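What follows is a set of structures for review.
The following pair of complexes shares a single chain, chain A, combined with chain B in the former and chain C in the latter.
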Partner chain A sequence: MSDRYVVRNPETAWRVYDGQAVILLAGDSTLNTLNAVGTYIWREADGTTPVSAIVARVCEEFEVEPAQAERDSADFIDKLCQRGLLMVTESPQERR
Partner chain B sequence: MPDLTEWLFHKSVALHIPLSVHIDLTMRCNERCVHCYRVIEDRPELTTDELKGLLDDVARAGTLYLTFSGGEVFLRKDLFELVEHARRLHFDMRLKSNALLITPEKAARLRALAVRRVDISIYSADPAVHDWVTKIPGSLERSIQGAALLRDAGVTVKLNCPLMKQNVGQYQDIRALAERLGVRCGFDPMITARNDGDTAPLALRITRNELRTVLQDPALNAACGTPAPAASEPDGTRTDLDEVPCGAGHNACYISAYGDVMPCVAMPIACGNVRDEPFAEIWHRSPEMQRVRAIRIRDLHTCSSCAASQFCSRCPGQALVETGDLYGPSPANCEHALVGAQVAGSPAIPASMLRRPSTAHRSAAADALE
Partner chain C sequence: MGRDDAVGTVKPTSPAAARGAQTELSLAIAGVRAAIVMRDATLADIVRQRYKGFLSGGKPRWRIALDVDTVVPPAVPGDVVVRRDGHPARLAVERGDFSAILDLDRRCGRVALNAPNEFSIDSFLRIACTLALLDVPGLVVHAASLIRGDKAYLFCGRSGAGKTTLTRLSPDATLLSDELSIVTMSNGHARCHGTPFWGELARAGEDRCAPLHAVFFLHHGGRHTVEAVRPGDALKQLLSTVLFFAREPELTARVLGIASNLVESVPCFDLHFRPDAGFWELVDHV
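Moving on to the complex of A and B:
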């Protein structure tokens, strides 16, 4: 199965405070906050790192079983895509 | 959702993060508003490179909310270069403008850069009044046109209207104008003295009766007719004495077009200049910033025992500009609180109006108690 890539929506504004990401989407003042694992994925979502590589790093950083990490990451990415914060692509983005 | 905003406020205050930074990009303006509080100085304004370096520093300090204002921001030729740089640093961006120079191309570019909102100053729906305030014939028409271009490009627009004697009778027309345009609007009854202490703009302030009319309108005062939340014990003692008075110097910061760093746009206390030392140094270590940061409500000599505090949005910057006393009440805020309490059917009287030492305040008290 081909790998997927996640990239932060360029219309987001965000910062990480105390290991917790705080994210806003332009045109909407709703705040979104992420937990430590979510924040890790968010930071890695540069559009050039395959999701599988991000999941592998999550396993290392947070000592999670690979199957569990894969499931949780997929759920998390889906949720953030639904909120319009992340976007999934089939091929890597050009580095800016 | 409001809890997340509150969480972020408290977190940023606890961590000393300048969550909201307001930068004036220029003091130059293409309007000449009668109430303007800005002071043009004979110093060079920050250059493009200085501003980009400042944005890098401010992003590192943790700022999320960034406002570019002025003067008129579109008079800076490098505005888009700066907005682009800021968005690359992931700031949430808001611009304040009179919209006179908006074109379809500029509006589309702001949308593409995901600027969250543009606030446009509108003083009346009547060109005679608006143009009298700005001193620029045709300015209302052009500002409305600018607002429509931004709206059409998909940029969120808010019309901001400071209420003064000349326009207070027309605020409903401005609201109708905003509705017609399909944009938001907001009103501010607080006209301030100029930052150099010149009190001339205060003559434009609305009267107590006019303020009452405004505060009695549920559309402008959401709390109208509802009892205010208790911020004090039944005996009038405030329960928030250990709280910070506001975000100034805690999570809010202002940087002037000349590089002066201040605790808030409304609090003209120069704490250092980014041309002399890095932003973080001024933010964390300037004695002036630390003095502002150390203030708690219990340190406010009159306000700490004020029974009308729940009707008051005391602004320490306003107090400083009006009276020179950062620790004292702001007479304009007291006036607002008194009327707010009356509108809510509360007998609370601002503490400043109950004291006797100053004759000025004695007459205000007598006036208030009538």
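Moving on to the complex of A and C:
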């Protein structure tokens, strides 16, 4: 995952309350809620920040061991990709 | 203009219309006024009778042509499909018993019903309201709503949550709806509006509105309890009761924005209640 980039599906609408993201996917109107770490990754998923950098920031913010953070982040990103909320790219997205 | 003036007859303007006079009825739901234009006399009678509490004068913002077309291809019965029809603001709305096009920019539309059926008309209007209200901005919510002491209360819940029961237990309150309520936002203030959309009560709400004092999420319980809900949890619960069928990202984002503004502006509570009027003692004091 370290050389990849994650970007939020533009068909999502979201808000953050008390550090937890509430995400609505337009395509099927599903509602997802993320915990604090998930919300941090979600916010960072701008398509221009490498996953490795996001994981490093998660380690700092939440005092997690790098190996565990990398493993948990990869699982989390996979899960959100399966749900159609995130997309993984091999190269950075152009900033809008 | 009085209510009787809202019912008028306009001259036919096309060869098709020349078969008979058109009837134009003006409906106003939550302040959104729409002219419903019909050539079918049976259809006009149904609309006039079904929405008599919401007939209105004044200039309509919307114009909807409602007609019967027996060759409308049947979709999956009961399944509502709302999809973009070319232009982003032009939406096709389809169900087993009707097919419609709504243009949100031009505020116009046309509907073809399989048959002059009250249920089909009502279903179309419910969906149309969810789209027309976005500009207000407002939402249609699966909720009972009542006015008591100049304050409106919204009781959200899906089927079986107790919405109709709660309204039956409130004879001294003004009924806004026992099934589908409308909330609009203006400058951070929420207002709740009466609607003609009913559930088991089979009675339309009053065409009135009042400031929304509190939102309650209904749960059955052995006793009456009220517990404050934080905005994030309230948003999740509210969204699960918002009526909305369009799948366009821009429209979905607007729904989320309106719902967010609502839960940030109005206190929200979980209400566990049993079927007696004692819940008002708690509701009145939140």
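As a convention for this text, the second predicted complex is superposed on the first by the 94 of 96 C-alpha atoms of A that agree within 3 Å, B and C clash if a C-alpha of one lies under 4 Å from a C-alpha of the other, contacts with A are read in each partner's own complex, and residues count from 1 in each chain.
Convention: a residue touches a chain if its C-beta (ideal position, glycine included) is under 8 Å from a C-beta of that chain, and two chains touch if they have at least 3 such contacts.
Keep in mind it's a predicted model, so treat the numbers as computed, not measured.
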| item | value |
| --- | --- |
| Chain B versus chain C as contact partner of A:Leu31, first or second or both or neither | both |
| Partner chain in contact with A:Val22 - chain B first, chain C second, else both or neither | both |
| Contacts of A:Ala13 with chain B and chain C, given as first, second, both or neither | both |
| Common interface positions of chain A, toward chain B and toward chain C | 10-15, 17-18, 22, 24, 26-27, 29, 31, 33 |
| Chain C-facing residues of chain A, complex | 10-15, 17-18, 20, 22, 24-29, 31, 33 |
| List of chain A residues in touch with chain B within their complex | 10-15, 17-18, 22, 24, 26-27, 29-31, 33, 96 |
| List of chain B residues in touch with chain A within their complex | 1, 4-5, 7-8, 11-12, 15, 17, 62-64, 88, 90-93, 114-116, 154, 156 |
| Residues of chain C that touch chain A when the two form their complex | 230-232, 235-236, 239-240, 244, 247-249, 251-253, 255-257, 260 |
